[in-house]
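In the two assemblies presented below, chain A is common to both, partnered first by chain B and then by chain C.
Right, the complex of A and B next:
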């Protein structure tokens, strides 16, 4: 046994090196191929500047891959929007985009981030897709003093998870998304629109999200108590287990009518199937993370209808891209046409990241000074396809909040299942499409 | 009291699934001394094969086995004959390396073909059907089916290994491949057959995993760990031990979860360690590695 353990380590090393080499070479080849025509074209009207390099990191493979599923589509669109370069000061600069995969592994994320910074010498580092992506890459950017923009991770795990101090903030790293207080408000609004006994059963895993949501001071528990809900919290469970009988019997005993949590899809499916087998029938199941993607709902079949979740972006959000002028509806329609798949929430946020980058570069005074770029980031006031991005010091210096509403999965017409916005008390400019119904 | 009965009962049923994961692994290790790192990915692969068979042919999930099992059998035979046979020898390292590599290849191929979406095999009302045994005590029909199938598979394998000609050939080759060759047994063929047999069980396990929860291309490795623990707890080479190991794992996880959900997986690992400390060869060791 001892021997085989040692061997496994070696194997890991070998795998890392070859994989890394392969990706970086492939990335270089791809990026030069794309940017070469831009250099030729832009030389005519303006003096052409040096290429400006954007690094983009996301979990393209591994368990977090659904978050990055729209990346290829979005980046192809961005490359064509950037094909003539961007005017910075008096010069037109061609844009190079380097894309790296974290393989859903935070250590690898830090590795590729430092590679982008030190080897590719990117001017702006970007990334998105859960704290496992945003945090390691932002930490690298902060240490190496590289301007950095991230999204798609609730802001508390992003900010406090990196040891952020609200009074001081970070110097180089900026983030836009919603926070725990929004998801709590949305969930409470959803539950208050139903007639229940207000007993909530919680399924919070032992990970960054689960611990933040279940935190006795900053998470759900104090708010639930103050709003008259009774909380049944059996404790943090380990992910990817095959049995939720213990929780189900505790919920049945306490007559739980509302189930909440922040779960990964396989865990939720296991729970929801066993709940049926063991005769547990709550009125509302509002769970973060597991119910974001249509594929996860399709996996549940008709037992997926009626489940509810937080909604960060839909095709009916009343926003437009500052880059292409497309509405949220047009962008997701293009995605569906292009890939043949149903729209997902990350599409808008991926697009918005590049909107912000383009806008920042346009306002940068000296592109050769990282300080000047980061100043332009801090000064951003931009209406993007996900809403306004503006780092105005609230809730903290480095975080700009985007709206969050509540949605419920229903049988769809065009797609099998649709995510319908059913509660917009938290952001009334986002249209409501239906009414929250008990399961 | 009834809650504890429920805890143990659900744990035993989960143990059936673990035993199914482990049985294939036990055969592969038992006959060839090959530590199959790619076992979890093969389970996921067969779940995808079943999904395609169901989608394309419109089969009922259980009838899909008619297509899945022959595919997995042939795949296992070819895999062993064309790749893994060349890695066997005195050294444990080459098969480890090759199966590790294979695991990455399978994961990424599945990712290319099926994308990262999580999938599920739908079994209609069977998924949620349950039998009420007592007030507040019901068991799902599907987990029960899984458990019963696991028991029958192990009875079948036990019979095959102890009472049939091919079973004797398996055991003879496992004990001493060179002498078995002298007796006219083609060891490469026997090894390939045993891999094919193991993949038959993997095919069944894949279908059951696919019905019981979501799977995606990266879901394999987490299945591997439980399978390893069940095999080692039961004692290398013992098929009934594999079932016992699976049940111990399932029950201890559930008891852990009952005390605190944070201990669920940990309790299984602790049970594993305790058994290793007191019975280093597992509960029912059939062979000694010396």
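Right, the complex of A and C next:
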């Protein structure tokens, strides 16, 4: 696997490098705040150090696979960006990246995490793709005292789901993403831009995300009540449910016009099909997780248009990579050209993980001391392709927040369906492309 | 023995005596691993040990007791949760929760057995799976254990095993080794005993064994409870190494399918089979797991191929061809003709 990958990268490398050289010679980089970082330039004057190892874990197979769809592309790009090594202190260190698949299974995730730590002896452990990925691997890093950076899971399930204590935090594990307070604000903004009766029907499953979103103190219920919404919560359903009739009839009875939840795609498809069969027609359906990926919307056909969701990253986000200087638009265009697939939100976050790792290593005083690496992580202040990553103690020591806006699926021109940003009250620097419309 | 009788029943073979010597030597080497082995190798061996122990227990159930359960993850997950209950909420030392989980697993298997034993054949298999799903749904409702979200084992609980990391890892390693050795020895002794004879008879034909006066129900119940005891204890051990539990992880059917794969390709109804199967499983997994879907396709095709071409498994082929038996549980009749 490793060998065959390397062969592939050579092809990519040629493309990538010429483009990067072009960009820097054309002086395009100068127009942005970020210049190609000095740590990536190889200098003849530097001695070469030992290889620095990065471990990366994601759900490449199984039900969570869409979250890792862009991994091969992103890692190929990162490998070519790292090909000259990274300067740490006075030495240039070659970078090795080890990639592991969780099979969407938290047990396997813990197993590969400990393999990367103990066998491959990685210097930094990374991972992304729902709490089922971030939590088991972070737990292994914490007990084995290995610096760890994760992303792509709301921070409350990540932090409180691991038994985190806000006063103390964790020593070795850091995370960047948005939180429940952001998704609540975004959803409320979307709903307030429509004319509805403010009755919300909730579909929250009995899993890490569903329990956090539906939490009576930290989740949606208290905020909905204070903002004048009426909540119809039918209780936590078990995942891979095949009958939502009870929920649908409760929603119909209460005259629900807004449906919300955090569902996996198969559950949402079941719900939305049965809603059509049973004549339930809400004005807004704003659901987390299920509506992130174009493939899920295409599976719904035209009933997918008008559905709305949280948006963490798009090609029009006004950010650039600190590694390659590429804009969000350039990175997703390269993905579409390279794979022939439509862009997805995780692309930016996967890329940003490696941006942070490179930046951390560049500031690490002693690469042989995990404590020194983790100190460099804690000191991070970096503008990445997903926004600023800075662990400044808010909301908790180990979490840095990235912006979140609201989007709606519409018929596309280039692609079958497009995710359009329709509300940016929570992050006004992200451009709006349309207005929220009732279904 | 030699001249006292013209006929005798032979229990041990030349290979089994050689095997015993080799086995003791191997055990000595395995015990010494923490003094010279790397952390990664120890960690892998711990996994090999608990998977092998699970495979031996399932083999006892299905290969001897005729109880084809696809719901052993019920006891595994139950044991895993007992680790969290007793180490976090009661304050029992993490290692002591392992036998405790075993005992509680055995107790809970009694009512389960009376339920699923009413079902036969395929219905039994499906019934055990349903029980495992019910266990999962119940544990998903217990908020104190994290509900559907799951819970992490606090670092302090793990540190309480031993303050130094190397002592802690060695302790877990030795516990895992002790568990797998105990499981194999108990199963071996059980099968060589009177009860083993009854189980072998049940394996070959339930009706015939009943007609010979074997109490099928009692023999099966004994095996079922023992398997539940072992599986629950191993569950506590497993989640002590995983550090995190959730209903989906604890009651994952993959625990049982992995073990079925191992027993089927190794050779069902023998003690050697699960050992061979475990070795093959890890030999396939270690270099190939990074291939994602292709690895899973390969595992599946291996199982299909062996089921079609060698239904008695790889050990079945070997022992038939070379008459090898490292764990002889059968009785062979021998006689001498030059007796004076």
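We take it that the second predicted complex is superposed on the first by the 394 of 439 C-alpha atoms of A that agree within 3 Å, B and C clash if a C-alpha of one lies under 4 Å from a C-alpha of the other, contacts with A are read in each partner's own complex, and residues count from 1 in each chain.
Heads up, the rule we're going with is that a contact is a pair of C-beta atoms (placed from the backbone, for glycine too) under 8 Å apart; a residue touches a chain by one contact, two chains touch by 3 or more.
These numbers come from a predicted model, not from an experiment.
Peer 1: Would you sort A:101 into first (chain B), second (chain C), both or neither based on which partner it touches?
Peer 2: second
Peer 1: Using the touch definition from the top, say if A:336 reaches chain B (first), chain C (second), both or neither.
Peer 2: neither
Peer 1: Pick one for A:238: touches chain B only (first), chain C only (second), both, or neither.
Peer 2: both
Peer 1: With both complexes overlaid on chain A, does A:181 touch chain B (first), chain C (second), both or neither?
Peer 2: Neither: A:181 stays clear of chain B and chain C.
Peer 1: Contacts for A:211 in the overlay, against chain B (first) and chain C (second): which applies, first, second, both or neither?
Peer 2: Second partner only, chain C.
Peer 1: Go through the superposed model and pick first if A:383 touches only chain B, second if only chain C, both, or neither.
Peer 2: neither
Peer 1: Once chain A of both complexes is superposed, is A:61 in touch with chain B (first), chain C (second), both, or neither?
Peer 2: In the superposition, A:61 contacts both chain B and chain C.
Peer 1: Please report the chain A residues shared by its interface with chain B and its interface with chain C.
Peer 2: Shared contact residues on chain A (touching chain B in one complex, chain C in the other): 61, 206, 236, 238.
Peer 1: Residue numbers of chain C touching chain A in their complex, please.
Peer 2: 38-40, 43-44, 47, 137, 140-141, 146-155, 158, 241-244, 246, 248-249, 252, 254, 289-293, 296
Peer 1: Quick one: in the complex, what on chain B touches chain A?
Peer 2: Of all residues in chain B, those touching chain A are 3, 6-7, 10-11, 14, 17-18, 35, 92-93, 96-97, 100, 104, 108, 111, 115-120, 122, 127-130, 132, 136, 138-143, 212-216, 218-219, 222, 226, 250, 253-254, 257-258, 260-262, 264-266.
Peer 1: Going by the contact rule at the top, pick out the chain A residues touching chain C in the complex.
Peer 2: Going by the criterion above, the answer is residues 1-2, 60-61, 99-101, 103, 105-107, 110-112, 114-115, 118-119, 131-132, 135-136, 139-140, 142-143, 157, 161-163, 205-208, 210-212, 236, 238-239.
Peer 1: Would you tell me which residues of chain A are touching chain B in their complex?
Peer 2: 3-4, 7-8, 11, 15, 61-63, 65-66, 69, 104, 206, 234-238, 240-247, 249, 252-253, 265-266, 269-270, 273-274, 276-279, 293, 295-296, 298-301, 303
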